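Written out below as structure tokens is the structure these notes cover.
Chain nomenclature is as follows: A, B, C and D, assigned in order of appearance, with residue numbering initiated at 1 for each chain independently.
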Amino acid sequence: MKYVTTIDGKEFEIEVVDDRHIRVGDRLVAVDFESVSGQPVYSLIFDGKSYESFVYQGEEDWEVLLRGRQFQVKVEDEREKRLRAAAGGGVAEGGEFHLKAPMPGLVVSLLVEEGQPVKKGQVLLILESMKMQNELKAPRDGMMGRIRVKAGESVEQKQALLSLH
Amino acid sequence: MFNKVLIANRGEIAVRIIRACRELGLETVAVFSEADRNALHVRYADEAYLLGPAPSRESYLRADKILDIAKKSGANAIHPGYGFLAEREDFAAKCADLGITFIGPKPSSIAAMGDKGKARATVIKANVPVVPGTEAVGNMTDDDLLNIAPSIGFPLLIKATAGGGGKGMREVKSLEEMPTLLQSARREAESSFGDGNVYLEKLVEGARHIEFQIMADSQGNVIHLGERECSIQRRHQKLLEEAPSPFLDDELREKMGSVAVKSAQAVDYVNAGTIEFLVDKDRNFYFLEMNTRLQVEHPITEMVTGVDIVAEQIRIARGRQLSYTQEQIHFKGHAIECRVNAEDPFNGFMPSTGRITHSILPTGPGVRVDTGVYPGFEITPYYDPMIAKLIVWGETRAQAILRMRRALEEYRIVGVRTNIPFHQTLMDSHRFMGGQFDTRFVEERFSMDGSTEIKNSNAEIAAILATLVAHKQTERSAQIVRRNERDTSNWKWVGRWERMHR
Amino acid sequence: MFNKVLIANRGEIAVRIIRACRELGLETVAVFSEADRNALHVRYADEAYLLGPAPSRESYLRADKILDIAKKSGANAIHPGYGFLAEREDFAAKCADLGITFIGPKPSSIAAMGDKGKARATVIKANVPVVPGTEAVGNMTDDDLLNIAPSIGFPLLIKATAGGGGKGMREVKSLEEMPTLLQSARREAESSFGDGNVYLEKLVEGARHIEFQIMADSQGNVIHLGERECSIQRRHQKLLEEAPSPFLDDELREKMGSVAVKSAQAVDYVNAGTIEFLVDKDRNFYFLEMNTRLQVEHPITEMVTGVDIVAEQIRIARGRQLSYTQEQIHFKGHAIECRVNAEDPFNGFMPSTGRITHSILPTGPGVRVDTGVYPGFEITPYYDPMIAKLIVWGETRAQAILRMRRALEEYRIVGVRTNIPFHQTLMDSHRFMGGQFDTRFVEERFSMDGSTEIKNSNAEIAAILATLVAHKQTERSAQIVRRNERDTSNWKWVGRWERMHR
Amino acid sequence: MKYVTTIDGKEFEIEVVDDRHIRVGDRLVAVDFESVSGQPVYSLIFDGKSYESFVYQGEEDWEVLLRGRQFQVKVEDEREKRLRAAAGGGVAEGGEFHLKAPMPGLVVSLLVEEGQPVKKGQVLLILESMKMQNELKAPRDGMMGRIRVKAGESVEQKQALLSLH
């Protein structure tokens, strides 16, 4: 199977030849790849070098934590890549933004009202979790849409808090 | 003399105290919230009693229940650890009333130092230098504070009088933004300490945060165990501490040490305590506050002095004399502590909760880990995000940094995100290695991106890893689809039966 | 000077050496057998290469493959650890031929001390006292040995000339049983070391096994780092070591230390080595053998001296002078090491294999764990059963024992049986606490039953625990039966359909 | 459910009343009992005391490892207990003994032959495992029955090695 893998705009062509070999660009290389203890921890011996890494599936991309660095990695097989190229590759920019609770906690206060215009970086809501007051901010300029929570309310992780048009 | 100690705390510090008690042959009583039934301190203690639901107010802050449990279990001493009830004068006083030894200072010392405003006034009388700020004591109103602020000058800090750990603290750049910040500081102080009082302090720029460990017995002996450098902070939360400070020489150490001892003496201090100082670029130092309790970062002092501070606390509480004179305290090598928090350093240090599914601790020469978590334990949002302290000792600061680097590389925690990558990036920072930092370093002159050169050299490997994991996943889901096809075939067959016989 | 080190070993000692290299800024190359693909030393090293199938002869003893990997990877030094190739003169010589630094003594020293018979002859010349025994050197036949035996006197010991770790060792009470025992000793020696040669030694009764750590640099400086008490053994396998020995005073320590140094000098020794002595009831001491390598129990010496022995080995191999003179070596406190083996102490110390499913390490002040295993790792029958070394330090022997007791209580390993309960029972033994033991103590005067009083007080709790677990299991299997009933209901229904429409 | 639980001949009558209570003899006691991390590790808070223990199912009995001591515990519910009492409780003593490999390893040598009489404690076979030569001995006097392995053969754990009549 051939993949096109992208990190920070840089593309790597990687072909999984069999269990023990991959082709990176033109180079055929022996790999020894194992997951450890059934965890998302992976040991890779590549060209004699021993690497260990956490690999998680993020919202869209893969997250690779390697030697203290985190990499956002997009992995697409050839078919996906072609489809995306055909669609023009443009991801909608102006659509509605839904703020979800990044962790369970208590809504301490709401600093905006429905229909109010907000600026990028403006604090929308304060969520208390682990004894810390966490400020949740607007990712871009926009207009406040529906607000689904009240101050004093406990929320679950990923619960929808409010929308931004 | 007591023989059974109730530990009024949770997490790594409860485990630390249980260890000290056990090594002294004392029995231990743990208390726990519903979220902590399987916590390590419950598993390690001789006895364990439920306090109540997970929130601290309904469990670890319930002084009444804790004292009931002490009576019921026959515990004749209480160690409060840090946080929770550790700096509550009324709690220490109630212990005394009930004939239970509070392993800490006298209630009067807690009171004198616990209100940060009063503490400033007290040490000023003992000729200890303090940061310029509000000197009046008591419940100052917003109007009072707004009036005084210009005479102190901006930037300044709003600080909670009952405070600690940066909670209820706000930096103010101008009079205009001060009312809003006062409000939010009071709100946070109220929610953290049940006391919304605040005071003001000049912001010393380019300052280092350096603290001295002191120990005092009830015979009037007071010594210091040297300093800890605590300038590596983020939002006033300490992230890394080291001993000794790369900024101090012997002369300044001796001077500050004797001021620390004097500060403790000013409140008739007994047991372990910490005097926090700000040190400016020109080596002027100012008393900031005294923490009248065991400090999170006490292990680095233990590593460089060889003194077991918790065991010594217990001995002092039993009425014994200090085991050491000032002359017997020698400093050997260098120690560093990294606070391992359940926070995602790649996502604004957002707290991370969940079950720890796997963990490998770094071990070997010169490495110590103090932790209260283990594989299978659930990190809940109710408590502090600190899940472990990684402490190393080396003959020199350079060796300690190298050792910390390898220990961080070895540490595995799966199930929650941690700030280990932050510490790894810090260990690679030339400014940190050179000892060139102040309390603003992390927020203002530090980036998680690190050297792009190193990053680029690992990008190909990261790409390969992600590709192999994605490939594995695709293969696995293909297999599941095939298996499901087989599994449902019987149902298809039933469907066929139905149609055939309809 | 080398910058990349191949570690020709596995398990905890490979991890230990990788740590030292990393802290010195050296790159590391691991080698592994098929059974060890996921071993910690492979995961922690910078590079890793497969040697071959699980059995040692096809992997860790394949000197040829290891040297090939060194060349391929550019490793310009090899650390052999202990066991495997550590005391193989030919391997050390081959390294030298290839320009690879062997981190250990010269081949000639290994040869002089590796053949235990030759070693005796060498040190006798240097006026070092030895246990009476065979003084002739070389391949003695059974007839030779049977002829000499009566002049030595019974009981005596048959020992493998290439030996170590009690392998190929047999105790002989009379001439009659000697031929059979010679045969089995030779068989074990052959299978362990590829060399069936044996020699005889008088059995010193009531003896203690006390060894001295020595360090020597290539400039001719030789120092000792004090002794280790190793008398707690079972079938000649050390189980627990401590430093200092409760049996030695300063005078005897100095005397034995200087004999140890003399023994090392007798073979022009360079790098770390250990001189083993037997000490009888009357404090006479006899040279037993020299281990020309890093010793399993080296960490207790590190704990009491502050010297990082492995880092020092590497520095010496780089041609540096010793970092310490004899006068700079000071002993502080007391250290104990318990060897944690995958063995069932309640079942004749039978080896136990399997996957480790869960583990909690003891941590905190004064505790160090050196291990190569982790949750998810499989303990195979191919290698030594030692899976971890638990090391503690205390200001006094009593404090070290109390600390070890609490550390053992904290240690959790699930998936294989371990000898931790043995160590716990030992820590409660009055004879051990009193320092009253010799090399026969465990086999002859120790029982796993311990105090019946303590046992009885816990029997009720054990009964409750077993009952609750059994009850839970019964309930669970009842639920499974019920769930299966539901699951199959659809099938019953199909059956009914079939019958209805037949 | 009522149980009769036996350790070293001593019987304990234990009734599991509900999830939180047991009766030991006549005493009704609150218990807080949890398994830890899904492992055979159990935490018990009983009368305020905190205990932790490994509990394994052995060949016949339960094995409880508690504070460094191992207890062999037989747990029977009332019905089982009565059935056993009715049967007379006698376990056959003289039957055939099958020696199974206690661990995987290599048979180094066989020291007996089929049909040979052996004494209790006599070494029957040497099994090498983990670099140690382990002597497997006769548990009682008897006559050698069938020998199922040869010297030099690798054996799995629990594999039948030989029988003793």
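Criterion: a residue touches a chain if its C-beta (ideal position, glycine included) is under 8 Å from a C-beta of that chain, and two chains touch if they have at least 3 such contacts.
Everything numeric in this text was worked out from a predicted model, so none of it was measured.
**Student:** Return the chains common to the contact lists of subunit A and subunit D.
**Tutor:** Touches both subunit A and subunit D: B, C.
**Student:** When I count C-beta pairs in contact, which pair ends up with more: C-D or B-D?
**Tutor:** Ranking C-D and B-D by C-beta contacts puts C-D first.
**Student:** Just curious, how far off is subunit B from subunit A if you go by their C-alpha centres, in Å?
**Tutor:** Taking the mean C-alpha position of each chain, the two centres sit 30 Å apart.
**Student:** Can you work out the whole-Å distance between the CA centroids of subunit B and subunit D?
**Tutor:** Each chain's C-alpha centroid was found; their separation is 47 Å.
**Student:** So how far apart, in whole Å, are subunit B and subunit C when each is placed at the average of its C-alpha atoms?
**Tutor:** Each chain reduced to its C-alpha mean, subunit B and subunit C end up 38 Å apart.
**Student:** Which residues does subunit B have that touch at least 2 chains other than itself?
**Tutor:** In subunit B, 44, 358, 374-376, 409 touch at least two other chains.
**Student:** Residue numbers in subunit D touching 2 or more other chains?
**Tutor:** Subunit D, residues with two or more chain partners: 37, 39.
**Student:** Note which residues of subunit B are touching subunit A in the complex, please.
**Tutor:** 167, 184, 187-188, 191-192, 342, 346-347, 350-353, 357-358, 381-385, 408-409, 412, 414, 420-421, 424-425, 428, 450, 454-455, 458-474
**Student:** In the complex of these two chains, what residues of subunit C are touching subunit A?
**Tutor:** 30, 37-38, 42-50, 72-73, 374-377
**Student:** Please give the residue numbers of subunit D that touch subunit C in the complex, ascending.
**Tutor:** By the definition above, subunit D touches subunit C via 1, 3, 5, 7-8, 10, 12, 14, 16, 22, 24, 31, 33, 35, 37, 39-42, 44, 46, 51, 53-55, 57, 62, 64-71, 73, 75, 77, 102-105, 108, 128-134, 157.
**Student:** For subunit A, which residues count as touching subunit C in their complex?
**Tutor:** My answer: residues 32, 34, 36-39, 43, 45, 48-50, 52.
**Student:** For the complex, which residues does subunit C have touching subunit B?
**Tutor:** Checking each residue of subunit C against subunit B gives 15-16, 19-20, 22-25, 40, 44, 299, 302, 306, 308, 332, 358-361, 363-371, 374-376, 394-395, 399, 402-403, 405-406, 409-410, 490, 494, 497-498, 501.
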